[in-house]
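Both of the next two complexes hold chain A, though its partner changes from chain B to chain C.
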Partner chain A sequence: MANDVIYIDVEKRMLTANGPMNLDIQTTIPAGELIALFGESGAGKTTLLRILAGLVIPDKGLIRFGNTVWFDSAKQINIVPQQRNISLMFQDYALFPNMTVEQNIQFAQPEKNQLALNDLLEMFGLSEFRKRKPNGLSGGQKQRVALARALARKPQLLLLDEPLSALDAEMRATLQDEIAQAHQLLGVTTIMVSHDLNEVFRLASQVLCIENGTITRTGKPEDVFLDNSISGKVQITGQIARIEKQDTIYIVTVISGNNQIIKVIAFENDLENLKIGDRVMVFSKAFNPIISKLR
Partner chain B sequence: MNPAHSQIFKSSNWNNMDNEFLQTILLTLKLAVSTTVILVLIGLPFAYWLAYTKVRIKPLIEALVSIPMVLPPSVIGYYMLVIYSPRNWFGDWLGRIFDVRLAFSFEGVLIASVIFSLPFMVQPLHNGLRALPDSLREASYTLGKSKMITFFRVLLPNIKPSVITAVALTFAHSIGEFGIVLMVGGNMPGETRVASIAIYDEVQALNFEAANQYALILFLISLVLLTTIYSVNKKYDTWRMM
Partner chain C sequence: MNKLSGIISKIQHSGAILLVDVDVDGQNFSAMLIESATRPEWLETGHNIELVFKETEVSLAKNLSGIISMRNRMKCTVKHVERGELLSKISLRFLKYTITSAITTRSVDSLDLKVGDETEALVKANEVSLMKKQ
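Our next item is the complex of A and B:
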């Protein structure tokens, strides 16, 4: 599979809510891995995913999947989505309302295979809902159907667009496990758009950070996100929810990825480049952190 | 005239009346069914194209499709007559090559009716397709399905209410069409005399009983059709995209 590296070098002018932006991406993606595209909304993550799927045509550049050219503006090559053998799982799941769970999955199969269908239904705990239409399913169930349908296509590249964004924390954790499991089992190269750090750490072997249309950092999640110069033993990442002034000091409220609320005392000069909404790390030089299992 | 004679005369008169009535109603239905069938065949691909095209002149095309809804039928009818006329190159060409004369014929009325009912077919289908999330189409493409399969298995089944509305509106509209038929077709029994023309004609002749029959039939057909549309669409009210 070594030649299944995806080579991407594309440019696309985009109109975003914040005005025009140039998406300018050069990268290679190794085969068989689970890669996260991480960044603010509007940074160009979804557009990159749609370019890979063939749903958006770049202004110029080259995309190669292994030895197959998918897009080459110089030679005017553009392979249509149908022939790229990919699966894209949409943010809104895009389940077909006229078909049952079973029919949705069957629709994606290159050729009818009752056995593979049953396996997928079993794997995602959907057997008892097989005759239901998507309208009658919960968010988590729809997400499972969408994932099962994406896998039924037997893609050589699986693209997931914020697959878990619509779910609550508990459901997320369960489905993160299922994605990890599916990826391990099938070994299909997977690219996942996410802006949830927890998810990235849990699932991805590599992360590409996109800011304003370009890749700013890439590497293993721990290398990209953790500052190694800090010798703290306890590190929690989260987002600043509130900054309050009390006499001469400030109290900063940080909400961590698993909705833990942490209050930290800060001085005026600490806050110079911090504002509400910033992603921050809270760390402490604890000498003997104690670990215990949660009930 | 002896009484027996007058009796025969009267009943044959009634028979004539019945035959004529039946002929007119059948012609009306034939025109409406043909118009609807032709418009389904034209309207589906056209609405699909219109819903997803990115051509610059799309507003102009939309305006042209909708224009029969705002223009008086006599305007369209007038232009149709001009086009059909043997003095015009098109009418002349039709006459010479195919020996067809469209003015004051059923075929001529049918073509005019198709053009005139076009917005009633295309608009509901177009709106239905536009209301579907793009991701449905895109999901089908990324799953390897052609545009044709996507249209018939994903898009069309999910705009059923729009299809029913479009077909019923087109049918009801062509059944009740008056102005354009009068302009293009005139009032030829068995050829272009449809129910709405007959009503006008009978009223002119102070034949109110016959006018009443035609009017009642048209009223009932339209009522049944519209009730069907609304009850079907009510059923789909509870139907949500996702």
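Our next item is the complex of A and C:
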């Protein structure tokens, strides 16, 4: 397994909504980990995923999976997607509507294996739905079938492109737990595109942040996203929505990333270089906040 | 926020809780922190850092006697008093720094705070954050 590190060094000229952009990625992905690709839309996350899958051909570079070369522009090597042993899963599940749940999963198995099928049905809580067709299932169940099918192929690399973004928050949280369990059990190297911080923290052991086609930061989610230049442990990022002078102080309203409204007392020197619309970090010490259960 | 520059003189810890002593121009300050999974490189003895605390966490006292649990005590001179209806802002001279305290206007009156008064500013150790020197 130690050999199964993915080495990526590719360049690809892309046309985006904001004009041409150069995707220029050099990184290695450790075997057996779940890695998140994090960044704004149009940053190049999905293109990188498609390059790994062999669906998009880079302009130049090298991709190696362990000792196997998947792509080498200098030697004109380009292994076709079918031979890379990859499962790719998108937000829309693309299940076969005329097949039952178990037929959909079986279809992806390299060879029929009833035991492995049962394990997958069990793992994703699909056993009782095995004889149903997809249109009799909820969105969350369909996505579970798609995940089970992606894993049934026994891929050496699982690529997930915002797999849960169409689901509501609760269903998403449940599926995140199931993905985490499946990953722990099967240990398939997984790369997941996400722009959901919560998801990245829950699932990924490492995160690659992509901005404008290049990797800007990598590391454990905690190291990448928590600002360690300050000791305060309660850190919320958001945007200033309002600044009001009240009495001798200012009340600043900040809307956080997940649309929570936060009010912070500030003083003139805090506001010297701040205005409405600025992105800010609100921090407090772990000692101050009081916690109470939601009803 | 209030900022003072200092040098970390001592770090004690118990599990994830740290008590960090900081020397600010010869005067000792303490900050109580929770440790991160990985300790940042600047949080080590001998490093130059900034002590940060909010104006609303600064208590003021006059002619304080007896013993008190607050670890961070600053002998100050009142530079300016901005009276609000309920909340007032007091600018204070401490060593070479200007610090600000926000207390109720009621307290300003009961302490009879005026420009030029000698006063003591106090901050609890768990209200002090440390910041990497910019």
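Please note the rule applied: the second predicted complex is superposed on the first by the 240 of 295 C-alpha atoms of A that agree within 3 Å, B and C clash if a C-alpha of one lies under 4 Å from a C-alpha of the other, contacts with A are read in each partner's own complex, and residues count from 1 in each chain.
The rule is simple: a contact is a pair of C-beta atoms (placed from the backbone, for glycine too) under 8 Å apart; a residue touches a chain by one contact, two chains touch by 3 or more.
It should be emphasised that the depicted structure is a prediction, and the values quoted were computed from it without experimental measurement.
> So, A:Gln184: does it touch chain B (first), chain C (second), both, or neither?
neither
> Quick one: classify A:Ile249 as touching chain B (first), chain C (second), both or neither.
The second partner, chain C, only.
> In the superposed arrangement, does A:Asn67 touch chain B (first), chain C (second), both or neither?
Neither chain B nor chain C is touched by A:Asn67.
> Is A:Asp223 touching anything from chain B or chain C once the two structures are fitted on A? First, second, both or neither.
After superposing on A, A:Asp223 lies in contact with chain C but is clear of chain B.
> In the overlaid three-chain picture, which partner chain does A:Lys285 touch, first (chain B) or second (chain C), both, or neither?
Once the two structures are laid over each other on A, A:Lys285 reaches chain C alone.
> Between chain B and chain C, whom does A:Ala108 touch in the aligned arrangement: first, second, both, or neither?
A:Ala108: touches chain B, not chain C.
> Looking only at contacts as defined up top, I'd like to know whether chain B or chain C touches more of chain A.
B
> Pick one for A:Arg149: touches chain B only (first), chain C only (second), both, or neither.
A:Arg149 contacts chain B only, not chain C.
> Quick one: is A:Asn269 in contact with chain B, with chain C, with both, or with neither? Answer first, second, both or neither.
Touch status of A:Asn269: second partner only.
> I'd like to check the shared interface: which positions of chain A are touched by both chain B and chain C across the two complexes?
none
> Chain A touches which residues of chain B in the complex?
133, 135-136, 138-146, 153-154, 157-158, 239-242
> Can you tell me which positions in chain C touch chain A when the two form their complex?
The contact residues of chain C facing chain A are 1, 31-34, 36-38, 40, 42-43, 52, 54-56, 82-89, 100, 102, 126-127, 129-132.
> Enumerate the contact residues on chain A facing chain C in the complex.
It comes out as residues 220, 222-223, 226, 228-233, 247-249, 265, 267, 269-270, 283, 285-288.
> Residue numbers of chain A touching chain B in their complex, please.
Interface residues on chain A, with respect to chain B: 53-55, 80-88, 90-98, 107-108, 110, 134-135, 142, 149, 153.
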